[in-house]
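First chain written, first letter: the chains are A, B and C, and each begins at residue 1.
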Amino acid sequence: MRPLLLDEDRALPADPATRVIARRIHREVRELPLVCMHGHVDAAVLAADRPFADPASLLVVPDHYLLRMLVSQGAELAELGVRPVDGESAQTDPREIWRRFCAGWHLFRGTPTRFWLEHELADVFGVTVQPGPDTADALYDQIAEQLGKPDFLPRALFTRFGIEVLATTDSPLSALPDHALLREQGWGEKVVPTFRPDALLHVRRPGWRADVDALAELSGVDCGSYDGFLQALRERRRAFAAAGALATDHGHLATAITALPPADAARVYADALAGRADDRDAGAFAGHMLFEMARMSREDGLVMQLHPGVLRDHDTDVHARFGPDMGFDIPVAAEFTRGLRPLLEAFGRDPGFRLVVFTVDETTYSRELAPLAGAYPAMRLGAPWWFLDSPHGMRRFREAVTETAGFYNTTGFVDDTRAFVSIPARHDLARRIDAGYLAALVAEHRLGMEEALETAVDLAYNLPRAAYRKAGADAG
Amino acid sequence: MRPLLLDEDRALPADPATRVIARRIHREVRELPLVCMHGHVDAAVLAADRPFADPASLLVVPDHYLLRMLVSQGAELAELGVRPVDGESAQTDPREIWRRFCAGWHLFRGTPTRFWLEHELADVFGVTVQPGPDTADALYDQIAEQLGKPDFLPRALFTRFGIEVLATTDSPLSALPDHALLREQGWGEKVVPTFRPDALLHVRRPGWRADVDALAELSGVDCGSYDGFLQALRERRRAFAAAGALATDHGHLATAITALPPADAARVYADALAGRADDRDAGAFAGHMLFEMARMSREDGLVMQLHPGVLRDHDTDVHARFGPDMGFDIPVAAEFTRGLRPLLEAFGRDPGFRLVVFTVDETTYSRELAPLAGAYPAMRLGAPWWFLDSPHGMRRFREAVTETAGFYNTTGFVDDTRAFVSIPARHDLARRIDAGYLAALVAEHRLGMEEALETAVDLAYNLPRAAYRKAGADAG
Amino acid sequence: MRPLLLDEDRALPADPATRVIARRIHREVRELPLVCMHGHVDAAVLAADRPFADPASLLVVPDHYLLRMLVSQGAELAELGVRPVDGESAQTDPREIWRRFCAGWHLFRGTPTRFWLEHELADVFGVTVQPGPDTADALYDQIAEQLGKPDFLPRALFTRFGIEVLATTDSPLSALPDHALLREQGWGEKVVPTFRPDALLHVRRPGWRADVDALAELSGVDCGSYDGFLQALRERRRAFAAAGALATDHGHLATAITALPPADAARVYADALAGRADDRDAGAFAGHMLFEMARMSREDGLVMQLHPGVLRDHDTDVHARFGPDMGFDIPVAAEFTRGLRPLLEAFGRDPGFRLVVFTVDETTYSRELAPLAGAYPAMRLGAPWWFLDSPHGMRRFREAVTETAGFYNTTGFVDDTRAFVSIPARHDLARRIDAGYLAALVAEHRLGMEEALETAVDLAYNLPRAAYRKAGADAG
């Protein structure tokens, strides 16, 4: 059995001269509260605050990072406990799922998933041996036992993790009942919703028409006309802001954002209601609606988050059988210089507007995003996203972006996770990588130590708060 | 005269803390047999097993890496011994060619060619001084003398190099006589053919019609219809497999692979036979035939290798005068997410299918290839190819790919060389770079030493065998 | 107050083993003369040789690197002393502008601007504390006082900086009076013009017609026909060469360079004169004219510089209010393999032609530019340009390019600055980064120390001279 030990210096630079500086910088930030302005944890988990069911359903089944890697080496999704949408059978014994995961542990060598899981297992559950076929059962028992204890209830973990604020991601069609419950119980400042209207902006999506009806009902605004549709969205944004939301979130495939003449938008909307919009009109309307979302952001102050360029559900059959978020979302090349131009020309220098852009196309870092963020005051670069939320991914981001955009046109760390228990590990890794990057600047005499310490605190804590306009934020 | 010494630590990380770990890892793999599943060595060389003629025709004239660099600084191809196709004169004195090469030795500083040649000169020929104007003649004499000895016959070198298996690249129109000869002499397991049908799949290529006739003759299948054409290809694949082939190889410019309706494919084929297919049809047919090759791979088990995205013979005049492979093949941007989608949806989760993808467009590593290989079980990422088979090229590959796809969705090292004597140098360099990458993971406490050693052996030996489904392969 | 100290080892590799080698290499090149073959310093400054006015107008107002960063964090251009074109008011007190800049000093952490400014402040002006709100006034006074001294006149600084030659960038419509004046005073070898005809090649640009008239008048050639236009350009190139020019410079957005049939070119030109060329024709004509510029370069020996792929004046409103070069020029994806093919096929192996290519799209380094420069003898890769003229930018360039193109297909360092006082800092930084790159090759036993020293001198001094064909150049 291989031991699992979290070394104090993990993910810090190997060079001894730089490491000693990085260690000092990391010490400055390691205990700072976690600001989690973007993510996919279900508010219901915190509202209900019931014990997590078992190790597999907590750590394996909902994590598409894990699923896809095991699938890529021959595992079946059903084997891993993912239930097919048509009700076909899937593995239901969590211990068997856990065993399957442990048998594939070597596949994660060199990945951030491995780093995060080691951190979670050791730090949250006190595990001291590596997962593997010979340790699977013992680990399962150890974790399962702890999940039954009060210290491992969701809110207890939230507090233990040092989370200051956690943003969820929510449909405009949600009445946000869990957030309301949390608010009643004094957790309203800690768990806030985020307005994600993607589904409503794609008029050719199956189910769009029904969603528009639901929007009308929930908002109390007639959506029979384009103006009504805009008004209903405005209304829901207002309700989200009242429920504590600080931001909206937009995950379109394309980056082109161009306003249509209002009459054209109204015509497409009418066609869509009548079920006769074509793909071209639908695409133009989606790009137009992002422009309208920017306009509303300027009005209501919600920060606009954009993370384009992912082709969702690449394997149609996997999607049909198991639904979305199964690890088959694959990036495509992105373009921002021309795509964001109309939006930035309209709102990019408006003090009332804030745009945060994420990408999984690294080629745009130095070529497009850093130059744009280094010019337009409304724009900030989000943290390396998804596949790039990794040690080398974060290093490449800082190296490609900082020299053009500086540190202060980035948001600092944003975690974007579905896996609640991984949150501290993700923040810790980011803080270590940033400490290493800053330490290299110090070691190369490009930055003073005092400035490096200040910058590290800004990246870990002040910049995310400032980027999302948390009350009292003081950096950026 | 500058000494030529192969340092034990060459190409290992400079940082002393990491180097000591890398050295230990490299020691574990340095003597492992060489698995060479993809390359361009001529089987006839091994079948005939005659002495190599001279230093220039062995090391300079056939190596387009060398030629292009010398040409880029003013040398003429004819000066370097490349005979123009129209029979114009070229340098025929190998000593003069060798002198021209030695005079340009400084041009290779910092390139992998320099690293490989140093290794070859020192390790294979016992050379102890750097090439240069003042040492050219002495080196020529030293190498020429050795080439006459039995120890320097092709098979003796093959054995000395520790090659376990060497795949060649062959036309479907070859009856594989050299492979047959090798098989008779007990070398059939050691030298295996690879099925490369590119020329037959491009119906507008000059000579295509004659090649179809040759295909019909060799396969004994009438190619007068599209179905016959498919059947003839199937037949030749079967013959290759019987001759030991494990894989096919495809080097199209484009990445779009989409099946045509059979009737459309049959129509284009008929038009092509009649000499009236247009460029658009020809392009669609080539993409379609890759889909059919995938379908046949699933049937016959030959691994499908794809390396798209190179514009061949960029300088038309050089091509007209000297033919292909003169260093004027230049990459273009590649796209895989959409281009491979139909193929992967059809076969990507089929246990009978295996796809290995190479690229010279690094932008696709983290954006497209690693996410795809980290999801579809049929797919593996090939090693960094061509220009990227270099120290920094390999480092960037591991850094961009590992965090998303892990190690086990890559093939480990694949050398892809025309230069027989460079094979051990190329494997050694790859093993050093992988040792360095793994050592950094160990030094950053992201991987245990025992796991690093296992992974190094997998990358050097087990993964290439498993990726190409060598009998008895046990990793991946 | 934070001290400002220039460490001897700044920007050298942090690893102690590599640093000691890098230090030795840097010592070999640090005092070499500065060869500045491309830039935007105004020749009038050196021709007049009057004292610089004040710290702000010397160091802040004309530097769009500084302006854009301050603007990206909320400063107004007018606040920074940039006068709106319509005569609206702007800050005119240089001390206030200086204070605004000092207040934003932290924004430059990690950027090359910070590195350059520290070097300038310490080395040129003897400053010993970091800029900041508390030091702004003292620094202002210290620099202002020195600007009044004879040692700080432009020519005195030129000599102190060790500049051997400085190329300016000039319109074909300039009669080059300042260069004439410099020549009369014995500075003709030191300050040379560069022929930049972009404005004349874009026939839809407002003002084009008037510029053609000015061209006709200055050249004495009737531009009523396309042939006359070509002849007039030829004439101006001749005049530039006679005034010492070694090169032309071309900054088009697109990279496609394809010759039109002469009759088509003549037709578009005639349409343009008549004010009825459309955008498509204008684009084709611009690409065609680059081809003609290459043809003229082959005739007159002027080195052709190309730096495509930047969308100028991204924010239309900023451009309308403040004019060009305000930090809102944003790169787009570039393509060279197909775009340069006609030009390289025509002239790429012609000993009379020299092409130097710059890019701000790093994705083309290893994929397109290094393979092209490693094949065509006429082509050299320029230094990392603009946003990429930075520590990591230069490292990535060497790592991506060297293994395919070697060192000798690059130009060595080219500074491209508007900020006269930053020239030594820029060369020093480049020499440090190249020393670090070479030191890593030595530390990894891929290059001997003696060769590294030779290469460093070539990169810093001999290669730029050779690339631009300075008389007596002896490398490349």
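To be clear about the criterion, contacts are C-beta pairs under 8 Å (C-beta built on N, C-alpha and C of every residue); 3 or more make two chains touch, one makes a residue touch a chain.
Note that the coordinates shown come from a computational prediction; the quantities given were computed from them, not determined experimentally.
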item: Interface sides of subunit A and subunit B: same vs different residues, half threshold; value: different
item: Rigid-body rotation angle, subunit C and subunit B, from Cα fit (steps of 5°); value: 120
item: Between subunit A and subunit B, centroid-to-centroid distance (C-alpha), Å; value: 40
item: Overlap residues in subunit A, where contacts from two or more other chains coincide; value: 13, 15-16, 363
item: Residues of subunit C that touch subunit B when the two form their complex; value: 13, 15-18, 335, 337-338, 341, 344-345, 348-349, 351, 363, 366-368, 370-377, 379, 399-400, 402-409, 440-441, 443-448, 450-451, 454-455, 476
item: Subunit B residues within the subunit C interface of the complex; value: 2, 7, 9-16, 68-69, 71-74, 106-112, 114-115, 130, 311, 314-318, 327-333, 360-363, 387-388, 390-393, 396
